[in-house]
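The two complexes that follow have subunit A in common; it is paired with subunit B in the first and with subunit C in the second.
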Partner chain A sequence: MSRRPPRGEYIETDTGNKVARKATLVGTQNIMLGGKTVIQPDVMIRGDLARTIPPAQSASGGPANNTAVAIGRYCFLSRGCCLRPPGRMYKGVFTFMPLRLGDHVFVGPGTVVQAAQIGNHVHIGGKVVIGEFAIIKDYVKVLDGSVVPPNMVIPSFSIVAGQPARIIGEIPEGGIEAFELRDLYKTVGNNPQPTAP
Partner chain B sequence: MSSATPSPVPSSAHGHHKRHSILPAVSQSGPKPPVQFSSSCTIADSALLTGPHTIIVSTESVIHPRARLESLGGRVTVGRRCIVHERACLGAADLQGRYHKGSPDKEGRSMGAVTLGDYVTVEVGAQVESGGTVIGEGTTVGIGTRVGAGAVVGKHCTLTANSTVAAGEVIPDYTVIYSNGLRRIDRRGVSDLKNKAQARQIDVLRRMIPSNPGKFQ
Partner chain C sequence: MFGNNRLPAFHPGLTQSRIRDTTTGSGLWFPGLRSPPLPSESDPANDQLPLPITPEDLYDTPMAPFNPYTYIRCPCSELNPYTKRTPDVTAQGLSRAAQDDDDHTFDPRAARSNYSLYPLEYLSFCEDCHQIRCPRCVAEEIVCYYCPNCLFEVPSSNIRSEGSRCTRSCFQCPICIGPLAVNHVETPPDPNQLLSPDHASSSHSGSYVLSCSYCNWSSTEIGIKFDKPNSIHMQLAKLRNGGETRLTAKERKERRKEQASQGGGGGSSTGQGEEDLDTLLDMETQFANLKSFYQNQLSDANGTGKVGGDPSAALGNLGFDAPASLSRIMSLYTGSSSLHDKKSKSRPGTMREALAPSEGLQLASLDESSAITALQDFESTTGLDAYSSTASTTQLQSQAPYLGASPLHGLTRFTSSLRPIPYLLRTKRSKRCPQCRHIISKPESKVTTTRFRIRLIAGNYIPTITIKQLIIPGLTPPPMPNLPPDTIEPLKPAQFVLTFKNPIFESVRVTLATPATTPGRFPAKVTILCPQFEIDSNTDVWEEALKDNNATSSSSQAQNLSSSTGPEGSGPGGRKRAGTLRPGTAGGASLAGEELGPEVGKVWERGRNWTSIVIEVIPASLVQTAKRDGRGPIKEDEDVLEIPMFVRIEWEAEAPEDEIMPGLSSTKGGNKDGGKEKRELAYWCVLGLGRVARTL
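Our next item is the complex of A and B:
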């Protein structure tokens, strides 16, 4: 009789996504994971809050691709964070818009993200609140405990902190490598590789 | 709180039709409360209702998945057309872990643990402590906000994210609490528009969130 391997804490998909068993993903049909993304336990992703009006006259394709949350590659969602699509009144109807995360996005523990769009290589600290329809461009660092108000646009290469969040600095020239999350991805999972010395 | 075995391993990100939600089962921790649900309210299946006292949810209110309604300190009343987002807790313990019971009001009736007026929105992770806490009509309790025990928040207030209302504090109507405890008065006069927008939002949410009130009755 073959021995079944012990149940790990993470489910690893064939595209390299590591999803914790204790994460709460509601409406997974509308959640797109880019690949090599880590979702830690107690994360909550609301994929059921999808857009209600179809984006165009859908003559093409039966089941419309109704993505509520799209996450890029090498993203890292820490414990207890919550991703939910933003919603507002649009043409007289309340509707949810898709939440798009780019690649190499780190979301800290306990953070709530309701943005419309987050670019690539963004580091979001812990206990941050990102208000509805905020747009965060590439290479941004959001410090712990910030509250990004709704509809704020954070330009690339900025460092943002405070309540309400203000731009307090710029990413220095040599600071770009710190955003890469490939090494962090390898340290998590059922067979974690030790960090490189 | 133990989690039972979740649904089967999901297929890859571009897998097609047969993907389930990954919802680790929540076991009922604590007594099952007596409830009074309106027939038109929407209670998600994985909402958490505990406590010995009654929980009342009125007409057309929406309780998102993983919202917690705890009646350990007294009865929890949710008004009409309220929205309680996930991980919000009505009737929470204070920071020391105590559940306050409200002191009785002038006629000697006991105040419930938490009372929400109509059109209230309690956002993700907000903690409304028990102990006679009243949230007035049309108020928005922002993400991660903590409302202290026995506080009385006025009508059409806006408590922005991560703000705190001290225990027993009385907040006048139309107040906005923002930044690090700053206050101002909202003079926009948009209360009616906000109520209408909330009604529209509830129409949409009622279709999106599968309701299962029978589970709690």
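Our next item is the complex of A and C:
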């Protein structure tokens, strides 16, 4: 190959994803990245934990959609975090369910996410545990060290903290813009841009 | 951490170190909540729980790193003629207040300041008054109510009838506040049935429980199981702890009738049935008994007193909501001597007090021996401290009022009798300006949408100020070796870069002022090197890019453009160019300045819509001052260097058309020519620069 790009820390895909070479992605065929997503080193995504029971509609001839982890655009997975699809007993058999992340989701370092669904513009701090089948709606901030219990639903514009996590505040109207991760996306990668003042 | 009741500036994680300082729950504050209800370490209920992560694991440093902040003071705290806060504000008082305002600088450490300082994102802006509005001064209106768990909207008529809690199946754990899930439990199959051939059918006879997946609490602990998985709220309302069903209103009435027919319901009889009822008397029954007792008395008194009155109509008029009966009851309890009411005097002794449980009499059970034995039993059986079996204050506070509970003296004290908590509803609220009543913020009424119809936030009108310590290699003296990072050395000049970013589409002229020394116990000398400057307008990024391309068609910029013309390229492209333009637009002065250090009267750096200047501070020595002034040791957060700064911004805005319209307030600032209008806005803000080291 004549035009081989220099080997950087990240693999940058056509859709703008920046995946660290040192990240551990298991079962990549079951992981969907929306684009412009940053996956830092030591991140683990468990795509191998796909659902074992085919969903009802795929049994009737449709293409089997076996996505285990779906991630939207401009997500940022910090160092050492883990995305793991939740699992439960369903009709007497244990099965995993897909884990869905929306757009502009920040996942802090050392955080374990086992949620069923995380909305858009969500900030999850470091060393957080998101329990199985938790649902986090849009514009939510989970402070560092929180433990979100399984099955918890966090409505939009909430600030959540504690062990177990509870809603401790509201995102003010003016705090919405701070969830944008476009600028953060540019600061990492093989040729990172300096942060704008 | 961050003392006061203020919020540390919130920037969702740009770097790891930054994320870490937003961690401290104790520093978090939001309008309406003074102390965040975080689980405390000493909470006995939490001690029982397995805590996967302790705070010690989370933070290897005892103190979270300092995050510089800017808080803006809302003008609502000033005494002004528009808000008539104090009735004794005379013209004299006002003029004195105005004078005071001019003479004194704003003291961020004053106790009152806590209530007027806000991070920029918490502030709104009224376009009609041209003034900053804070959560404390805006008027809120509820747009809709919804359950935070099931996200169903609750109509306000239901709130009035059902209360402010979710009446579906949304419950919180009474022990740990986590969400409860409805789970199917299969009753252990009967050994006799196991032998029978059709034991498969018996497995369906299971029931449902509420269980917490965080602390493993289950409603079986209070002896409650449900027959169906839906409408748990209704089912739970009927069940007492232990699984006993509560009497419905109808059943209670029937029971009373039964009793009346049996023995007249008199207080003298001490039969077996009487005792039974006494123990069953919960708050609801007691109230119902009392109500019927008094209603009977009222109707009796009225029926005999009134001449020719229809007894049934009198009964109907004498519900407890009738004002006449209410006044009668008031006079009954206040006594005839205090109220010279003819009615009460004319009818003394027509009413008697309840004498029996059937009339609503509930004797206070002051016998605590059962509670004491329960405590002792707990200690002997589990070997744990009996204290851990009692409910904490927060647990009791979060309990929903339950009418089926035994009244007054029988309130629960043990965690073993706490009931599941139905979720409190949450609201979406719109905000109004307190003066002109215009709407400042209005969310969409649908629960699941996050859009706003109106959202006038201060961040779109006034410049944001970011703070960074200025360290120039070679010029800034190296910090002392054993100093924690991000601390300021006392008695030595430290320089900070303040970056002002302009959000509006007009260029803005900024004038800054600070007191020469900061007010408070530890005065620091402050110098703003460039107190007057301009910030360019927040123009469209593409417009800017094209303009520059025409002016200087250098190859580097062309490259920049081409690199940015990908999909989604417009946003990043413009910003990137702002970065590359930095040295060019700043001119020679800035370039030279970077080598020489900051110069007085010169802007430090500037970009598309931002300008940064340098501020120099010489903090006082904390230790020496504390020794000298004899006001005791340095208190928490007194080492934070806070600088009050007065910001005045001026710009020329295009006069909006609606201002010419009749019925609206006259134009502010006048001077209208060619549709342009001079505007200005001035406010105090506080810069939290950093912690001063406790050396020297």
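Note that the second predicted complex is superposed on the first by the 186 of 197 C-alpha atoms of A that agree within 3 Å, B and C clash if a C-alpha of one lies under 4 Å from a C-alpha of the other, contacts with A are read in each partner's own complex, and residues count from 1 in each chain.
In this text, contacts are C-beta pairs under 8 Å (C-beta built on N, C-alpha and C of every residue); 3 or more make two chains touch, one makes a residue touch a chain.
If you're wondering where the values come from, they're calculated on a predicted model, not measured in any experiment.
Trainee: In the superposed arrangement, does A:28 touch subunit B (first), subunit C (second), both or neither?
Mentor: first
Trainee: Mind telling me which of the two, subunit B or subunit C, contacts the most residues of subunit A?
Mentor: Of the two chains, more subunit A residues are contacted by C.
Trainee: Please indicate which partner A:66 is in contact with in the superposed arrangement: first for subunit B, second for subunit C, both, or neither.
Mentor: neither
Trainee: Which holds for A:163: it touches subunit B only (first), subunit C only (second), both, or neither?
Mentor: both
Trainee: Pick one for A:131: touches subunit B only (first), subunit C only (second), both, or neither.
Mentor: both
Trainee: I'd like to check the shared interface: which positions of subunit A are touched by both subunit B and subunit C across the two complexes?
Mentor: 127, 129, 131, 145, 147, 149, 163-164
Trainee: Applying the document's contact rule, which stretches of subunit A touch subunit C when the two form their complex?
Mentor: Residue list for subunit A touching subunit C: 16, 36, 76, 78-79, 106, 108-109, 123, 125-127, 129, 131-132, 137-139, 141, 143-145, 147, 149-159, 161-164, 166-170, 172-175, 177-179, 181-184, 186-187, 193-197.
Trainee: With touch defined as at the start, can you tell me which subunit A residues reach subunit B in the complex?
Mentor: 11, 13-15, 17, 19, 21-29, 32-35, 44, 46-50, 52, 63, 82, 84, 87, 89, 92-96, 112, 114, 127, 129, 131, 145, 147, 149, 163-164
Trainee: Provide the residue numbers of subunit B that touch subunit A in the complex, in ascending order.
Mentor: The touching residues are 3, 6, 9-14, 17, 19-24, 46, 65-66, 86-87, 124-125, 142-144, 160-162, 178-180, 197, 200-201, 203-204, 207-209.
Trainee: In the complex formed with subunit A, which residues of subunit C make contact?
Mentor: Contacts found on subunit C: 10-14, 16, 19-20, 22-23, 25, 28-31, 33, 36-39, 46, 49, 51-53, 55, 57-58, 120-124, 135, 146, 148-151, 176-179, 181, 212-215, 426, 431, 441, 447-448, 450, 452, 455, 457-459, 466, 499, 501, 568, 571-572, 575-576, 578-579, 605, 607, 610, 612.
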